[in-house]
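Next come two complexes built around chain A: one with chain B, the other with chain C.
Let's turn to the complex of A and B:
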C-alpha cells in the first residue's frame, strides 16, 4: 500500500477534451471519492489511474514510482466495476481466485488437468483456496462459494466483486460506482460496510460516484469534478460548509443550496433592494451571488429578509422541506423546518424568512468564492 | 397452462364437466400439428418403412426384404467408401471451418472500419451458389490449363523444388486434382472450408458482440497480460453457446455436402468413388437408379447421424455452456 500521485493528467477523445489537467495526491490509506455529474470525467480519471486508458499527457505515480507507461496488469491495483464484471462461467470461489492464479501461477500450472500435477501447483492451489476462504468470510459470502454469478442477487454479486478485489494485497482499491446497481436499502447498508472495510484494511480507496450522499458519508476527502477538472478536494464537511465554487456548493447538499442575487451599491450590500450590510469595500464586485443552505433559513414573523408563498412541501418525518416562491422575483428557495413548525407551512401560506448573514456563502457572478466579502460583512454585522 | 387454468375456471362456474376449453386448445394446436405430421413425420415414417423393402418408383408392389438394405450398407465396399468419404469430409471440414471462422471473427472484431471489408470478402463464398462456384473451381483445377497447376509450374526451376511436392510435380507433372483419387476428397474438403468458414465467422462475430467489454478490463486488472489469457478467461467461455451452435450447424452442413460433388463428378462420386458422400449416394441410388429401398436406408442412417448431433448439442447447451 502506498500513496498515489496524479500530476496534470489530460485526456482527449478526438476533439473532445475529457480531462483538463487533473492533479491529485492521495495519501496512503486514504478514502477519496471522485464525485461529479455524469460526463465530468471521473470514470475516465479512474480508468487512467487503473491503466485501462492512457492519458494524453500527465503522469501517475504509485508509491513514488511512475506507472504512466505501465499496463493495468502490472500496476498492482484492484478494481470493482459498476457491472461487477464477474466471469459468468466460474463459480464464486473461482472468480475470487482469478487474480491470485493469474499472478502466482504460471500458465502451465493453470492448465486444467496437467497443471495439477506440476511441481508447486498443489501448494499454490492450497494457498489460493485459503486466501479465497479468508476473503469470503470477511464479506460473509462463504456459503455462496460454489454458486455461479448467474445464481446470485445484485448485492451478493457486488460482494463477490469486492472479494475478488481484496483477495490480494493491492496498492489501492479503485471502485467505479459499485453501488449504483443496488436498491436503495441495500445501498445504505453496503455503504456502511465498504466504509468499515476501509477502516479494517487501512488501504487506499478511490471511489467514483455521482451520488453526493455516498461521497459525503464514506470519504476522508471528496474531489468534486466538473467539466474535466477537480473544482475542490477537501474533507466532506469542508466541501459542504466552505465550498470554493458555486458549482461545488450546488452539487453537494440535498436539497440543493439556495442561490440569491446580491448587489453592491456604493458600500452597501443589497438583496432585493434591502440593505444587508453597509461596510463593503468599494473594490468588491458589483454583482454577486449568495448561497444559503436550506437549514440557514428560518421562519420568522418580524422583519423578514424574504417573504414568499409556500408552493411545495416535503415531510420527511424528522424534518420538513418547504419550497417558497419569493415575492421579490418569483424564484424558489428551499427551507428546512422542524416538524413542530409544520402548522405554519400550509400550501399557499404566506411566510417570512430570515437568515444569519454569517451563514451565507458569497460568490462572484462567475461562481468563484468571495471570502473577503464574507469577512467584511460578518466582522461588522449590521443586518437590517 | 392457460388452457388448464381456464378449464378449472369453467369447472367452477359450471358444475357439469365440460371439456370445451381442452377441445379449443386442441383445435388451436391442430393446424401446426397436422402440418408437422404431414410434412415431417409421415415422410420419415414412409422412408423408414421403405428402407425394409425393395420398392422402386412405378412398381405396383414391393417385397419385404427385412434388414437386407442395411446389411448391404455395412458390407458392400461402395458403402464403405461412402462412409470413409463422408467422415473424412466432416472430420476435416468442421474443425477447420470452425477454427478459421473463429480466428477470422476475432481478427475482424479487433479491426475498426476495415473489418467490414474483410467481413464482406469472407462472406462472399457463402452468398454465391456453390454449383456455380464449383464450375469455376473445376476450371481452376484443370490439370493442364487450370490456374492452380499453371501457378504451381511457375515454381519449377526455383528454390521451391527443395520441397518434395514441387520436385515431384516438376518432374512428373502436378496432381490431376479432381481426377486423382488421393486428392479428390481433399479438394472437396478445401472448397467446403472455403465456402463455409465465412458463415461461421459471421456467427462468431454476432457472439463476440455480446461479450461484455468490462470483462476484458476486469481480466486485465486481474493480471491477464496476454491476449491469449484474456481469450481463455473471457472470450472463449462467453462464446460457448455460439461455438456449440456453429459446430452443430457445420456438422449438419458437412453431412449434407452434395452440390460440389454433383458438379464435379455427375456420373459417380469421384475417381474410384473416393468422394462418394452420403447425400450423393442417396441421390444416386434413390433418384438416378430408382432403388428407393436402399436410398431410404441411407436416408435413415443420415437422419440418425444428424439426430445424434442435435441431441449432443441440446445436451451440451443445457449443461455446459449456459451459465
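Let's turn to the complex of A and C:
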C-alpha cells in the first residue's frame, strides 16, 4: 500500500512562510500533478514529502505509517530532479545501479576490491546488473549503458534519471519538473511516455510542473497551488470547467479565461450597462466577476452582449484565436472561432460577441466562486 | 597577437627570472668544480675527465700498500712503485664531472633514504589532511547546523595564523609527549589543514544541491555521500590542494629542522641538502646542486602529470 497523506503541512524559511497549511491525500496508484506558478512552493512540498526538508508543522504518512521524522533514504521514495542530478563520474549503468547497491548490499560488500570477494557479492552483482538492464530496456537506453552522463543529450540524461528512479520498487515516484529542460518536441513525446510508464507500473506518481498543459494531459487529479496553498485538487476536466477560485480559472486554460466585471443593481445582474438577468437575490455581493472561456464566446450580428474591434489574430489552422478590444472599457477578450469564420475577423473589423450565461463562471470580488449566483441566473434564464 | 607583444615580453622576463636559478642548479650539477669556480663551460660543461681529490686523499698509498704491491712491480724501487700506485689511484678516481656530482650526491649522504622519508611524510600528511578536510568541507558547504557560520569564521581565522608563530608551542607540546625525533612529529602538526578545508569547501559550494539530494534519495548516508559523490567530483580541486600540500611539505626545511635533531634516519630531502654545506674542504657545489636537482625532480614530474589531469578534469556536465 502506498497511499500518501499530507496533513496541514506548513513550512517557514526564516521569516517567510512558503507553505501555509497544505493537506492532500493521494491514493495508491494515482497520478497527481502539483501545478502552479514559479515560486509557489511546489518543490518545497515535494521535498518535504521526499524527506529532504522537514516541515515546520504537519505530518506526512505513507501507506498508513507516519514518516515525518524519517530520513529521505528510509522512506522508499524515488525522485527525478529537474537538473537530472546524475553522478558525473559514473557510467549510465553505474548511475542506475546506485539505488540498488545502497539498499541491497552491505557497506562491506560495496567496498571496491574487498567487496568483490565476499560471499554473496557475486549473486548480488548479477541481480543488480539484471535489474539495470531491465530498466534500461524499458526506457530504450540499453545502448548507452557504458557512457558517462557528460556524453549524453538532455533527453537521454532525462531517461537515465528516470531509470535510476524506477530500477527499484518505490512506494511513490516524485518528479520535479522533469521535462522543463527538454525542447518542445521532446517534451511532448516524453510526456506521453511518462504517462504510459505510470499506466504500466501502476505506481503512485506525484508530478510537479508549472506547465498546465502537462498537468492537464497526464494526471488523474491536479492540485493547483498558489502562494503556498492548494486552491483546488480535482480531475483535469473539473479543474477546467468548474474551478473553485478565479486564480485556478486563470491559471488553467490556454488562452487564458476572459474575466469581465459584473455588478448587482437591486436584483439585476449588470454587465457594463446591460441587464443580463433580473432574478438575483439581494444577498449576493454588489461587485462580481465573470469568467468566460474563449470557446464560450460566439460571433453574432444580432443583439450582441459585447462589441469591439479585432486587434490581434492567431491562426492555428484548426482554430483561430482573435483578441477583441471591447468598446465598453477597452479591455481585451479572447475569442475562439472556427477557420470558416475567419473572413469576419480581419484586423480592425468591428464584431459583436454573445455568450450563453450558463457557460459563465461567476466569482466574487475576492475571486471565490459564487455557485448560488450562477444557480439563480441559469434557473431563470432571461438573457437580454 | 602583435598588439599583445608587450604582454609576452613581460611573461618572458618573468619566466627568465623564475627559471634562472633552476638553470644554474641543473648546469652546476653537470660541471666540474673548476668550471663552476671559473664560470665556464656553457650549460653542460666540457665533461673532461676530472680527479676526485677526496678519493685520492683517502687512497694515498702507505708503506704496507707499497710492500703488498712490490710483487706486481718486480725490480722497481719504492719510489717508482709508489708513483705507479698513485697513477693507478688517479685512474680509479678520475671520472666525468656529471658522474662525480651525481654519485657524490647519492654516496655522500643516504639520499635515497631521505627521498623515501620525504615521500612517506608528504603522502601521510596529504592523506590525513584529505580524510579530515573532505567531511569538514562537506559539512561547512552543504549541511545546515547551528553555528556553521561561526565555525567557518574560525576556519578563515586560522588561515591567518602563521606557522612560525605557533611553532614553539607545538614543539613544546610534542617534546612533552616525547614525540620529537619521530615520524609523528613530522606529520601530526600538519594533519588538519584549514587551507584544505577552505579550498574544498569553496569547491563543494559549486556542486549542485540536487546531486546531494539525489544521493540521499538513493539511500546514501552523509558520510557515504562524501566518499562516493563529493570526492570523485572534487578530484580536480583535490589535485590542486595536493600540489599545494605536497610542495609545501616536501620542500619544508623549517619544521623538520626543529623536530628532527640528530637522527639522520628521519631526515627529509631538504635536511639532506644541508649535509653538503661547507664541509671544511671548500664548497661542494657540484654534488650539492646534483642533490638539489634530484630533490626537485619528483615534484616537477608529479606536477606535470597532475597538470594534464587538471586540464582534462572531470566534466561536470552531467549535472547540468
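Here is the rule we go by: the second predicted complex is superposed on the first by the 383 of 384 C-alpha atoms of A that agree within 3 Å, B and C clash if a C-alpha of one lies under 4 Å from a C-alpha of the other, contacts with A are read in each partner's own complex, and residues count from 1 in each chain.
The definition used in the following text is that a contact is a pair of C-beta atoms (placed from the backbone, for glycine too) under 8 Å apart; a residue touches a chain by one contact, two chains touch by 3 or more.
This structure is a prediction, so every number in the text was calculated from the model and none was measured.
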{"item": "Clash or fit (per the criteria above) of chain B with chain C on chain A", "value": "clash"}
{"item": "Touching partner for A:157 - first (chain B), second (chain C), both, neither", "value": "second"}
{"item": "First (chain B), second (chain C), both or neither touched by A:83", "value": "both"}
{"item": "Partner chain in contact with A:72 - chain B first, chain C second, else both or neither", "value": "both"}
{"item": "Chain B versus chain C as contact partner of A:149, first or second or both or neither", "value": "both"}
{"item": "Partner chain(s) touched by A:325 [first = chain B, second = chain C, both, neither]", "value": "neither"}
{"item": "Contacts of A:118 with chain B and chain C, given as first, second, both or neither", "value": "neither"}
{"item": "First, second, both or neither for A:103, with chain B first and chain C second", "value": "both"}
{"item": "Clash-bearing segment of chain C, relative to chain B, as chosen among 25-33, 61-69 or 79-87", "value": "25-33"}
{"item": "Shared contact residues on chain A - chain B and chain C", "value": "47, 50-52, 71-73, 77-79, 81-83, 85-90, 98-99, 102-103, 107, 148-150, 164"}
{"item": "Chain A partner contacts - residues on chain C that touch it in the complex", "value": "208, 210-211, 213-221, 224, 229, 232-233, 235, 314-320"}
{"item": "Chain B-touching residues of chain A, taken from the complex the two chains share", "value": "47, 50-52, 71-74, 77-79, 81-83, 85-90, 98-99, 102-103, 107, 148-150, 164"}
{"item": "Touch list for chain B against partner chain A, complex", "value": "212, 214-215, 217-225, 229, 233-234, 237-238, 240, 323"}
{"item": "Of chain A, residues touching chain C in the complex", "value": "47, 50-52, 71-73, 77-79, 81-90, 98-99, 102-103, 107, 148-150, 152, 157, 164"}
